[in-house]
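Take this structure, written in structure tokens, and hold onto it; I'll ask about it next.
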């Protein structure tokens, strides 16, 4: 937390002037990317769900998360930051993804993400199913020496092909390992639970460099100890955070494609995230919001708060001073 | 139907390039008002529901209608028009309305509508509760010699004060009459039904210049005869069309504030609207969509199609030639 | 329509003083039976669903219908009556029914209905599943020479035992016939549709004195002709009207236990009912509202309007003069 | 209607023995294909939705339609048939479809349908999105000289490629035309409505041999006249009936992928279908049920009744005698 | 816990006689205020939501909470009390509030609450939005020397004007401070979380005499320690408890107006409340239940249990002896 | 964990061949009982809800749980078992229960369960309401010297008659005690909470041999200590586990008949269950899933995971070796 940005920052629409339920939906009512000259962090939608194996519908995730983000406000008292003031955040709209050809879509996402990453901008992708993590990892890893992955999910997502398809929402981290994108021995799954295909899945997963912290571990270890273990493992490595909302219990995230009972709460998840302050986070995604199964926006709301928390973590690195921040 | 517009028209986002579920929500994925130099018709949201007497929530109506309008396409085969090509349609965003002071909100709506009407632009407002019809009528009537109102609604909306309030969603047409906004003897209610306060309400209503065509009349007379009666009564007068979605049966429009059984279908309503081709329509609203009570967007979808039909009616007047229209 | 009631009538809570959504729920916000000295018509709940063969939940029907009736107003312009002024209507609360013993429940309903019928009061029961029609018919038939039944339903409800039970929601009219409650050759089913068990069901049904007017007949004959046929068949016989909300299409009445596609609309149903003005109606029920399957109260709203229409039919017989009616 | 089948027929589970809500779900609680030696008609699920352009989820359609079919009973009084007795109907389970490769899935569907069609069995497919109509048409057309298509749908489904994909839910009938599967000048769309891409779509469509009967025509012509026009056009040609549930209004079929306001009712649709009795129907599908958007099963219920009606039409051809039919 | 009340107490309707789902809805099926001569505690509805800034609908809260309270039973084993026997509890119905004029409504609430408070009766208000806390505090503070506030909420509700309105659901405690209603240094917020407008909000809040215990503190400190801190801070001061249901996580309370992820569970909240036994509680409210966003009554159920717990705390002070309590 | 079964085991349908959403629904896509020669554990549906006192609908529970179990996979990493490989598990379909006569239904359940128990097979019943626990206990106790009950539930379910009925969902364990089915002093309730009828209920309950571990105890003692207490109390006694899903909080299990706020999470419940590894479990039920009140299958999903965990506990006793297990 050192210095405030030199240039004026364009923040969200002022809720004292335009009610929160009014106006076009951008994430947190922030400016569109075309409304500013430059930016520090872009939130970008990736409306793609053709890699889904069970309940589809995450293609409507970005729209739902944007709508649920209207209640977000300027100051984050838990991290003592002003995420919209200390850095220029924009909504970069949605990446166009071919719904009928997974590999084309992956290429489109990779290209668009690379483009947005130009100049070392931070990117937070809102999905979309978990297939999108692979091209996002490719784009994030580009120009870095190594990249650790912190993966919040009920599932490992290191499965292999499914119905002959190499690229689905169950395989991004296996593919990422095979492509040499993952830092050895520095990756972590958090919130894993539920039945899997076989014991061998765990062996494979370990080979890909992941440590598994289960949903049950949360009861036994507590948030603070888990955060300590994550920090120990990742160290100072550049870190990509991938959050599948099904890491939360179906009660907290009904609107998702492959729900598993026994999950964590949004409070636990947010608290873990905040515990990562000071780590070298370089990119992130929040995926698998399937609004057709949501109720009263609870899944989208949780997703919006997760994005906000990620923005707040970036803001701490950007530094700032709330007295001096100009809010729109 | 005489001539196509001279200038190039900016149409909706091309669904062959960007999937319909992707990208920011504007009505029918049309350009925002700030993206074009001039326009012929503006769709504008009026997120206001503080005049509601029963179920509130229409403040979320404009957002829901925009989202449901993503499926609308370029060519209207029933009226043989290209509503997005033969005229420049824009989404003018939402009018800011004070949620805590009805009279302030009414003034805000009136001012914004007058501003958009500058240069004789057509305006289609998406509500919002029916309170908003009054300032919209004021803005539309300005500069005209007279104005007939064609009002689709389960209710008369010519009640007087309610809890001391003169301006609510039950009174816009009484107030309009009192303010001299309504053409004498040329106004029509269509779809009226259900119990009312007293027989005197009907006498008052007739005094304000309205003819009542009930929901039951639809069975007895049929769409064609009703259209004939409307055309006879309105004649060549400039016409404002106000559509409360509760004119439709609750099965077709569950997402509304004061539903009444025994209503009409979206098919009947659209057919009646199309019957108005060639009339001198100068403005319109589609109001009372309350998304919290909607299911699978059926109310919002109907509302989006109603707006499309209104745009198509305007397009017929604008004229055009689909071969020459440049679409985006 | 001759004379107004001699005594002052206590009407609904005044919506100009207490908003419609406020206050305890009685039907149409009318007085409870204990709040008046005498009454003409009682609306009574029968929260019983242990005779249901498929989706249960009609035990919550009375509460839902009362809640949905809050929007009903004083004057019925379609029948030109004041149902709450020209006669004293009360909400008689719910009849206690044993949920675990159908025959006990039937006896409880019969006794309570007989009690309310004392002094020739009219009774409108809100169910509850269709099992309740039998004890209601018994109570209504008592003291009459004969009783015709006009039955709106997707089903015949003249089946025999089911799992050994003689009294279920599929058998009330067979039992009624066997008990000699039904006027010979004067009964009518309206809205029948969908598959049945066997052709023999139709023969039995005819033997019990019913004529079948199907849902399809509505398209072919129209409301007016059907009304004519009903009036012809029933003549001046005392008439009991039993309305299973599943006579309406599932789109209009999703909240019910045994839905069948291809049904009628609430508009058609209300129009048929109003066509019965002047007939010798002596009692009625509106049954099979299962709120757990309803959406946005559309089924309950339709049911509330049906009860209102029945009250209006009674009011026409009671006569009155709106100028003299004192509305609470 | 001449002779009953020679062999004993295995009908649905007896609802007098096992309640309708109990037991495994097969269509109408009919036997699985492996429970009988031979069959006349197979109902088969095609859980595929990867050809969807807007709301996905039709992969769950077959399960939902089976669940909603539990209320279907043995005798169809409107067509005077016993669909489950006069012919052996089975549930052939679900065809396995690759969710990640449309062309593979199409090949799988085609192969499975050809296999089921062996011996001239009738097939009724329950979808799944409309992409599946193409392989079903291929399998049905095999061995026939020509095949007319009667297509109930809000859309034409004769579009061309979409995002480069030739096989989607918008293109089956264009592809079928190109492959020479469609009888020239004998095909009909019924229920078409809503905006389309361009006027040229209509020209293409006519070139493919389709006549368009719009949703509005239903009001103007009535069911009987439309049926007459269909019969005139198709004549004695073998006929494939393809029913997209979005031909119904969103109020009747909210659970679908690309809803359009202004549709027809389930009553109208069933009545039209029944009007086809005696035509040479050789196969059918009911597609685009997306249960995540359904409410209280109303879409699935309508779909189940449509399948029942198709079975009843086949039964009329099979002939039978209800007195002699052995019901399980 | 000293003495039982001298007079006979009228308890809830006996569920052994009338099933819980039957009969008119009063809170916990307790007597209406007009059914008893005197009372100790009144539960009163305040159906007002015109002070809402985001999702409206809390006007339907009192009805929903009453309906959800039908399952409450006589004996509270966690506090070892009989809340309906040791004290006379009544349902005082709903306070009439002008929906169109906030200040009028506030005056109406204040007057009605003062009236009910006559004779030192305890009052538990069920909202309604949080605007109502101000007039309730005024009425409770009247006649007391000081009043501490224990406020469970995701938000501080000490904001200033919003769109020029001084009285909204975001400002009750700032207004209460300004009016001198709050005991200095004795007030507590519990469950606060989520982003706020600015750091200055926290300074203001502290100046108004509040201590903040966040949602996260629950993980770190545990229920017992938080209870200890509350008791320390409030001491023996008369205490008003204000519970906004959004203090619970959206998974536990989806049916509310301004949900925030990361909240507490109903179990934690009830446990904290029970920890307050023996404190000098003089009034309470449970607000912000917006049923249109609820599912399966989970928000209303939690609210009903909160009211029950408050009644149980009052009962402990009233004292009693379950052996002697007469239950209806 | 000693030896693998001698015979080949038929496992679930392979999700690599048939997508999880495809094919007929059996529990976890396991074979039907008629597809194997013998079995070790049977999952059996008991679609009965006529013993329900509040919200009915659990008759649809078995179907919903089967549908939600499609996502379950072969290997349980938390218990290190292969529940579908180390033992032959089958879906035994639904037991036919008379919906109109509770005692007949109880006899039917008892007979069917005894039949399935032949040869010491393990039985896991999926309900249905809690009434079914009595006949299941009778069938399980047959041939055993004693039987302890571990009962997860918000309620004690040791009430006496209700409306004269001795057998309801509130009384199974009182009846079981009276019939001498329960081991003295070895039974435990877990998760109890909420108001009860009277203090005497607790005395009765203790007399029947139950220890109460409340929902609140979970916060105070933690899962590990509660597991220890259960193991201490039950010891080596044969153990029946009865899980009413309402032991979970309404946020986790909205789809149930008598919800109580303040419950436990699915994570806590699963963790407790897993803590029972090595105990002498002989039978189990998971009851009170009422799908009409569920959302996005969250209640059914939790129930499916509970059944899976019970199967996994049985598998540990069966022993096995994942390398040798043949998975269909």
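Lettered A, B, C, D, E and F in written order, each chain numbered from 1.
The definition used in the following text is that a residue touches a chain if its C-beta (ideal position, glycine included) is under 8 Å from a C-beta of that chain, and two chains touch if they have at least 3 such contacts.
Computed from a predicted structure; not experimentally measured.
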Given chain A and chain E, the chains that contact each of them: B, F
Angular offset of chain A relative to chain F [C-alpha, multiple of 5 degrees]: 120
Farthest-lying chain, centroid of Cα atoms versus that of chain A: C
Chain whose Cα centroid lies at the greatest distance from that of chain B: F
Between chain D and chain B, distance of the C-alpha-averaged centres to the nearest whole Å: 37
Centre distance in Å when chain C and chain F are each reduced to the mean of their C-alpha atoms: 42
Length of the line joining the C-alpha centres of chain C and chain E, rounded to whole Å: 40
Set of chain C residues in contact with two or more other chains: 19, 21, 53, 55, 59-60, 99, 162-163, 249, 251, 265, 293, 295
Pairs of chains in contact (touch as defined earlier), listed by label: A-B, A-D, A-E, A-F, B-C, B-D, B-E, C-D, C-E, C-F, D-F, E-F
Residues of chain B that touch chain C when the two form their complex: 53-55, 162-163, 193-199, 201-202, 214-216, 218-219, 249-251, 254-255, 258-265, 293-295
Residues on chain D engaged by chain C in the complex (per definition of touch): 16, 19-21, 70-78, 80, 222-223, 249, 251-252, 265-268, 270-271, 295-298, 301-302, 304-306, 308, 322
Chain E contact footprint on chain C (complex, rising order): 17-19, 21-26, 32, 45, 47, 59-60, 62-63, 67, 93-94, 96-97, 99
Contacting residues of chain A [partner chain D, same complex]: 49-53, 55-57, 59-60, 98-102, 104, 162-165, 168, 292-293
